[in-house]
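Structures follow.
Heads up, the next two complexes both have chain A, just with different partners, chain B and then chain C.
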Partner chain A sequence: MIFEKRTERILVPMFFMVALFLPLFLESNSFFVGKVTTIIILSIFVMSLDFLVGRVGLITLGHALFYGLGGYLFVILAPEYEAVNFWIYTFYICGISALIALITGAVVLRTTGIYFIMITLAISQMMFYYFFDSLEFGGDDGVFIFMKPETSIFGLSFLNLDDPQHFYYLTLFSLFNTLVFFKVVLRSRFGRIVEATKQNPDRTEALGYNIFIFRLACYVIGSTLGAYAGFLFALQYGFVNPSFLAWEMSGTALVMSILGGLGTIYGAILGTFTYEGLQYLFEHLTEEWLLFMGSAIILMVIVLRKGIAGYLEKLLEK
Partner chain B sequence: MTTELFFVQLINGIQYGLLLFLIASGLTLVFGVMGILNLAHGSMYMVGAYLVWYFATVTGSFTLSAILSAILALALGILIERVLIQRLYNRNHLDQVLLTIGMIFVFNSLQSILFGNDPYGVAVPSTLDGGIPFTENSSYPIYRIFAALICVSIAGVLYYVVSRTRLGMLIRAGESNREMVEALGVNIKSLYTIVFAIGVMLAAVSGIIAAPMRSIVPGMGESVLITCFVVVVIGGMGSIKGAFVGALLVGLISTFSSVLMPSMSNMIIYIFMILVLLVKPQGLFAK
Partner chain C sequence: MANDIVLETEALSKHWGGIKALNDISLQFHDRQLHGVVGPNGAGKSTLLNMLCGSLKPTSGCIFHKGERIDTLKPWKFVRRGIGRSFQKTNIYPEATCIENCAISAQRRFGGNFNLFVSRHSNKLVRKAAEQALAQVGLESRSDTVAAEISYGEQRQLEIAMVLATDPCILLLDEPMAGMGHEESQRIIELLKELKQTYCIVLVEHDMDAIFELSDQLTVLDNGRHLITGTVDEVRNDPRVKEAYLGAEEDDAEEEAA
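== the complex of A and B ==
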């Protein structure tokens, strides 16, 4: 069983069962389908960050770089007025993002601690301003995506990305795969060594493992999945702009993963849904939702020491 | 680039760098002594600018408003440390990041509730209005020179306090060994409160000084925060000397690049920072 904790075994099936049937009840109201789709996409992004921060110990404040790259790479690669194949372009985008992560990772992983936080921030800010000041990518306004990709495999097409429900199930499927993927990776031999590099880098090195290579591999994995989430988000809304890779994006994702329970992986879903849910609630109650959002975050840091997942685990694990 | 333009840019760069130093010094002081990464530091800069604008419109005197705002900022610093930051000393950096992001939200929202979202400007005090003739047909604003002088004198006071006084001795001792300072009977809690409040006041004073030179707009805190991170990281986290050198470098580089290569000017300080960290992964003046 890849889900080791009782809390996960209860929450994960519950979440996916509800999510699976949700669109059937919301059929008349596609706004909520779209909203939940966005939160699911964000959950994938937050989960990839949670893996890096909580499991590998790489506290990055520049994860949004890859979120933005996922969107911008599609705009750069795909012809403007022609529907391309979704699966092929997913492969291209993930491949190129992985390559970029490999190069930037080799640079940023030379530093540790607070300097790692800062250099990842610097690289993402650099790319933010590159797109912000660029003429060919629409600068501040970004670029529109006119044609959504088609999804045929060997000529068979059963998904229509223009249909909100189809898109919803695609993102839900992606979230499920991401969760299972991380759980399998973390349980594997590779995952155990990664765990060891986080707990005690010196001893792991003394055992003969090159911790730099393991960290780099994790950085590439996390960043690539982050780019995939950005690609999905760009497809959902049909545009990409520099705010995708603003530092606020990285910061918010970090807040969501800490809120959910750092390093628990499934906590990313809890954190993202709670954060977005609270924001939606406050936005509808009051104009000054930021005040409530900020106060809620401050309260949760003080009260919930290990995030929502940590609190639930305290209740359910015995 | 003509010689005249070169000198104007040089003075601009130094003046901008000194202002950056003033903001960054608080950030690096708080990190160095307390190990707290305060993401809401930029918000304190914003608080200073908005307070001085508010008092200036009410009282009409810039000097009086500046003093009032600085005192209020100090009180705010003590309050924040006592109510919130104190709970975080035994937590990791991530909890600090989360809490201070929450504080950014609260301050941004308070700013929009109390002062609205219109951009404001503060008039340059009348005694400092005008310019120093530079060549026959150009002059340099007196207020900018004055602001630079204020920054230099604050830097001097800071240097004196940290290296020559009893409080400075405690600050340096707290940086290197917290437990030992405590064991010697020093109340580390109140020392931390003082240091944090000074950090907040330094950021607010920078906002006060900058108010007549820059427009007061929502979000001004965040943009200055990121630039300060660059300054502090280039200099080496926790080092005040490093912050001084880093601030001047960043000030000069961003001023000259905006003239020489405008399309790259926003990116260039980040490229510079990455290069510095590649050569010295702990910054120029690492401890």
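== the complex of A and C ==
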């Protein structure tokens, strides 16, 4: 069983059951379907960050670089007025993102601690300003995506990305796969060494493991999934702009992951939904929602300590 | 005789700014022998082991393993050549169980370290090697206990089990018995006696009785200098050694006399 904790075994099926039937109840309200779709996409992004920060021990402030890349790579690669194949472009985008992660990772992972935080931030800011100033990619306005990809496999098409419900199920399916993937990887032999490296890097090296390679592999995995989330987000809204790779994006995702319970993986879903839920609530209650939002987050992080997942585990595990 | 030298240092030095932690050390370590290293606090014993296992780079001088120069290699390559070390300051995975601590150590040599999908528990060989290492130090009953929760002495035992699980040919042990009870120490002494039949062991230890009992060769370091290397009797009767110890610590000197 890849879900080792009781909390996970209760929460994960519960969440996906509710999520599976949600569009049926919200049929008349496509705004909510869209909103939940966005939060699910964000959850994938936050989960990939949670893996890197909470499980590998790589505190990156530049994860949004890949979120943005996911979107920009699509507009760079795909012809403007032609529907390309979704699966093939997912493959391209993930492949190129993985390559970019491999190259940037080989540089940033030479540093540790505060230097790692700074250099990841610097690289993502560099890309931010590159796209911000680029005429070709619309500067700070970004680029529109006029044609959504089609999704046929061997001529068979069962998914229409223009249909919000179809798109919703695609993102939900992606989130589920991401969760299972991370869980499997962390339980694997590879995962054992990743866990060891996080707990005690010096000892792991003294035991003969090249910890640089393990970290690099994780960096590539996490970054690629982050890019995939960015790609989905760009498809949902039909545009991509520099705010995708702004540092605020990395920062918010980090807060969501801490709020959910750093390193718990499934906590990323809890954190993202709670954060977005609170924001929605405060936005509709008051003009000064940012103030309330900030206070609420700080309070929750202080009171819960190990995040929402940590709190629930305290209740549910014996 | 010459061809059973497995590890050799040549004019090895380590300086930190003005501190000469080790100066011009040339030593030879033989296969199937236990080589003791003693010296007062700050003599440079740990520094020597840190360089022998690759985690510290020498300021000058070289290290040879079976005739090949190794001091320029990355630390993790040392273990692949069969050089394993234990730490003076307990260095384990506190959140993992004892068996998992040893499994992490053992897994490297069985391959599949980059297998993302197969469960870590599926390899019976890793599990067996880990169990064997725990049994060697007498920790089998603690197998499923989290390492942070066992006693300090037991953590010292685990520390040794983790080195054994890497299946080394050269064992570098930094004060393995420090902090252990008498019974556990005795057990480790017996284990080392058995292991030195097949391995090369470099043992740093403050317990003089243990060192005298176990060592085939004994080196005394003092203040970064190499004082003497010889058999236990040669070292015991050397006037320079007595001087170094009398100059350093009272109780060490008493042990020396005893």
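Here is the rule we go by: the second predicted complex is superposed on the first by the 318 of 318 C-alpha atoms of A that agree within 3 Å, B and C clash if a C-alpha of one lies under 4 Å from a C-alpha of the other, contacts with A are read in each partner's own complex, and residues count from 1 in each chain.
Just so we're on the same page, a contact is a pair of C-beta atoms (placed from the backbone, for glycine too) under 8 Å apart; a residue touches a chain by one contact, two chains touch by 3 or more.
Note that this is a predicted model, so its numbers are computed, not measured.
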{"item": "Which of chain B and chain C A:102 touches, first, second, both or neither", "value": "neither"}
{"item": "Which superposed partner A:254 touches (first chain B, second chain C, both, neither)", "value": "first"}
{"item": "Chain B versus chain C as contact partner of A:262, first or second or both or neither", "value": "first"}
{"item": "Chain B versus chain C as contact partner of A:217, first or second or both or neither", "value": "second"}
{"item": "Comparison of chain B and chain C by chain A residues contacted", "value": "B"}
{"item": "First (chain B), second (chain C), both or neither touched by A:297", "value": "first"}
{"item": "Shared chain A surface residues [contacts with chain B and with chain C]", "value": "none"}
{"item": "Chain A residues within the chain B interface of the complex", "value": "53, 59, 107, 110-112, 114-115, 117-119, 121-123, 125-126, 129-130, 132-133, 247-248, 251, 254-255, 258-259, 262, 288, 290-291, 293-298, 301-302, 305"}
{"item": "For the chain B and chain A complex, residues of the former touching the latter", "value": "31, 37, 39, 84, 87-88, 91, 93-95, 97-99, 101-110, 112-113, 222, 226, 229-230, 233, 237, 263-264, 266-267, 270-271, 273-274, 277-278, 281-283"}
{"item": "Chain C residues touching chain A - in the complex, by the definition given at the top", "value": "53, 55, 74-80, 85, 87, 91-96, 100, 103-105, 107-108, 112-120, 123, 162, 166"}
{"item": "Partner chain C, residues of chain A touching it in the complex", "value": "184-185, 187-193, 195-196, 199-200, 202-211, 217"}
